[in-house]
């Protein structure tokens, strides 16, 4: 199904399934509900053109619906060729009238073509999941820069790239690091990536975790979510790190900490979550146990050195849909999940809707914040990477608790005074 | 694909996929490897006709291969219409030459017809997963009884049924309760059902568990496995019980314990694992939270009173493949997974191979044990339910540890003496 | 304070403190409350002479009060020289009028002298915590045997000794293994020993557990309680075992399993809970890390080979009250807690009252059961080791739940019927 | 034992015990070892007068030894009248020649007198554990301000007070918030307070935690450490909060979150860790369960409203050394531990040495940093609250890992480049 002007998706056949799945996710996204109700009358994004380069999933569909309800003109392309859910893409186009350019398993050429079609939309706000829109604008579409109000970035990896750009003075419009919102990184990366990474591994392999040695490479928010859930499955969890603070914390959290070269010798599973390149490299593969399962939970498929794996192998086959089994020349087998792409999206369904709810509520509130800067004639933000304004972040938390029917306490005036006072002593 | 004499399966189209999946599981079943190597020359099951009414999964395929390698003449039918993996059935027939009578989603009529075809094989040993073969023999095929050496039973539910028969004096041949082997129930039900039940729920719903209230009905081995894994996912776990000892244990394990009618009001998930009927009943449904997810992990689909659910509903639809959403007349939605059938098989892939490895090693050793009774002219067992002989059980544990490359300690003669002595005092 | 007829305790000085502590414990022992209320009028133990060789703690004091309220003539001696709480002994004598023969740190000679004074009481029921009364009767006081109705035994270690006696045909009166009651061993050993062993270790050392390697020798009920709590403190827990079933279970529970000789090289703590002798032996000590902390949680102080430790040492001193630091000839230090005696009693206060409540409720109900056999003219039990009658065990569980204000469900008649029926099939 | 010039301690009688305990702690403080070795020759604190108002514990003794080895002229007074360990005070004076002014249970008058004696030392650097030195200098000893290089603050509570002072423009010399160092608050508050608070509660009460409802008031670093360890003891943990972000996080970590007034009705334990006043107040006490145990883990004894508790009570007594049992007029009993002072210090031994090692290594490095500013003629810091310089913080982490014999990975130059580069795309 192709329409050169408005969308490029795989097939409209699954459109009803796509709609049912989007509605299912909607029920787990109560903060977006509340924001939709609030903005459908105010229309704070009226006439604002937004291009989103995001994983095309049911949750992203609900983000797009909310942005559209707030008045935005939104188009979407994929931020990863393997993460597109074709039924969702179809339903977005047909039922929600949102242009989508994304086909699961599209080629590299198609992928960048779709990014460029999304940029033809002439966005004033970008939403990225890995900085590809921003990167492409700077590299190939500099004519868009003058009109840009700003962008948002959803991932750790993207924020790292964008900060590097800002440090070099290369970044030419402001970015809000939604990834760094408390209600995003404290929840999405830890609880979302934690559950969905284990889900991806189990769907891909159906292997028992209890009693197995499970190594997590990187103890950032994603890594600690993965470690926590692997422990919750009864695995013996090993953590490897390069940062002494995180290494110490992992050790005191009860995990074994050791260099990856040592962990490689004893692991049944090795999962990467670092945002860096070739963290699982040839010399690690040379000492791995027969049957070791390798997967990546970081944004790009560069964390595991796949060319090195291929160079060590004499043969490979696919015993299950998301598993490639490499037969090494010494007879050992190493199993790579989802071609080294992020396993929670490629072998499962990505983050559960409930965590994306908070992350995407930040996206919506940040888009409105950026649009308001312009519409209210305020000065543009500096061309650097900004934090989500703290009042937005706390607003998301308050809405989420309300949706969960959890009441909390409030400080009395006396207690507030005490906290801001320094004249009461020990005795 | 139908051949009235030898097999009845859905389609041969997926035969290669079935084979790949069976081989994948084989790698996680090292104890069956060892037994295959041991018995392929001894052929202790030569000329022994075995009928297995088992879930037709990759692991069962490997059990059947091992039995066949040991000389048995084995045929298989399904023990649950929804658990049959059609690709496995096809591969068993084509690649492993094992007759299978099982089609996913077969009708009740077909289901019993297949059981009867499996009985036409004139088994001398039965292998049951819910006692349907034994039950059918006693009800409709009494002519088979005189030649029966005995049977094995894989499930708690089946053992309960068979013990009831034995107590009434109705059981006419001996059964070995493989389910009660230490290396079965301590591992299979707890670690296998635990992981795969959560896997089934997550695959069916993709809902985040962290922060949700998750009620486990029944704190037997299955229930505690489910509770342990739900806690490992960050859920707040509630346990309901009828047995004061188990209730106390659940409470001291840190779970909230309360009557189900109370739990119904606060739960996001309610999972049954009791072996009993209508444990989730109409009055519970009447007080459940909007959106509550119901699933069953017990053998039969009677634990949740589905007719009651239907009677309360004005409408129902299927938002995701394994989810039926019931719209109640008061507007609340209740979501039933996998039609109330055991969710780990119907919405996921059942127990991971690694736990089935031990359970099925017990099956093989018990079949050999029964066959040896006959071939060596020993007296038949009494017509009751027997435990797995303890030496077989420990043999399975020893083989599994060896396969996991785990060494353990051994008692010195002095230590053995100390344990069996009573003359050393406190001082 | 000595009175050759009625008691032998250290000092009456702490009598009021003893009383306050006994009353404190009483509040955590609601099942004994209920039994006291029930029996104070019925007086089922009237004229029954009971000798108890038990740890003289606040909980034992409350057991003795309950027995006395039920009419028994009870005397107590210590089952371990280091576990006696002298204030409790004083209060038992003064406030509760119960004869006690126990002095903390008494000599071996005194210890056995006290046992013999307790036997001078001419008990018809014994209560043992390590079988010393029964053992002494068989060895030195056979004249008591004809009048004995029976005894009870509280510990795993004692039950092992008594079963060995029974197997040899040496046991000359019946014993009820209170230790094996579900409401005892499922709770007392796991939750009680778990918490109090960690408590003893922390009180003795004040060392941080998070991040440390903590080895549990033996994965019985005590061992798994200790492992669970050590894990709950953030330690990396290693389990060593001689039983393949328990070793497998420990592995699947997420612990590292290895031979003790390997664990010795990496452990910061090694805790024994086996009931066996010299499980931590010279060759283990030779490879331990500098600073390793050794403690025992089993009944007797033989689990760690202390003579071997001494033979390896050139020096020793006591840096904290319950710690002996051995300086080995190679310069390493090994620290032994509580002289290898059970660390939860010697360095802390033993099991929390709440678990002893259930265990001691079994003691009371078993004493009444034994007394009733005699008073109602029923035949004596066989001279072997008996289980606690299951109706008593469940009664304790029911009373405990009631005391915790926890309601549970009950089966409907239809559900009871279903469980005992075998004619309902799969479909 | 009193010497108006040099020290004021309770008794020299326990001096040898104090020394043994200080040396025991020393073994758990390997980072201080390394710093002692490094600074004993460099003497970077030569001629620097330091006054420390700190808990007088074995760990503080080792901090003082290290500072002295680095050349400092150090005097100590207590930061809490109940936390002083008199044997340690004695040993500091006698064996380590460090002036100490601290007596356990000193009066308020003595407490402030000791603070003033410590200020008579004319410090140029202060070390506070609750901001009392800084506060007293500002209130009563302004003449000291001109010579002050700066101070350090160890607690959350103190930092809150000091930030309030800085905000008001009242702070007249710079403070480094050692409390906020990553290697302090990520470890000390969470693992140290976690373990030691539970230790204090258990030593005070010997009550079983498994199966009990345990409420933690406040989910800051201390609160989450306490919650984690209470869960690790098998308790059902409830968290109360005023901050929506922390409340959400607690919920997703699997704890029940509710207002304290609801938690009060069901809790067996309520522990405060907020840094605020009267968080457990009269209306909470009015609905608490009979027997509820109350304790505080925050710095000051104001978190539980003790006057309110007294006003509700008709009687009170002390059943165990650190427990006051209040008998309310309605007959309920509430038990307050350690008079509402921080329970981990008052009823146990405070943080284990291993966590204080990192915190105190920060203290030493910060003192050297401040001294270097002066000796190297650099400008004074601004008169506000400063973070620990990040290079010092990471140095502490590196030293600690080295001491634990844990190796970690390092980035390759290629990996470092990748992290700082933005030109590599998705494909």
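Some observations on this one:
Just so it is clear, A, B, C and D label the chains in written order, and each chain counts residues from 1 on its own.
We adopt the following convention: a contact is a pair of C-beta atoms (placed from the backbone, for glycine too) under 8 Å apart; a residue touches a chain by one contact, two chains touch by 3 or more.
Source: prediction; values computed, not measured.
Minimum number of contact steps separating subunit B from subunit D: 1. Interface subunit A/subunit B: over half of the residue numbers present appear on both copies, so the contact uses mostly the same residues. Chain geometry summary: the mean Cα position of subunit A and that of subunit C are 53 Å apart. The geometric centre of subunit A is 38 Å away from that of subunit D, both derived from CA atoms. Shown for subunit B are the residues in touch with two or more other chains, namely 191, 210-211, 231, 234, 248, 251-252, 404. Residues of subunit A touching subunit C in their complex: 210-211, 231, 234-236, 248, 251-256. On the side of subunit A, the complex with subunit D involves touching residues 79-81, 108, 111-112, 130-132, 135, 160-162, 164-165, 167, 170, 182-183, 186-187, 191, 240-245, 247-249, 251-252, 257-260, 262, 275-279, 300, 302, 393-394, 397-398, 400-401, 404, 406-412, 414-415, 418-427.
Residues 20-21, 23-25, 27-28, 191-192, 194-195, 199, 202-203, 206-211, 228-229, 231-234, 291, 317-320, 323, 348-349, 352-355, 404 of subunit C touch subunit D in their complex.
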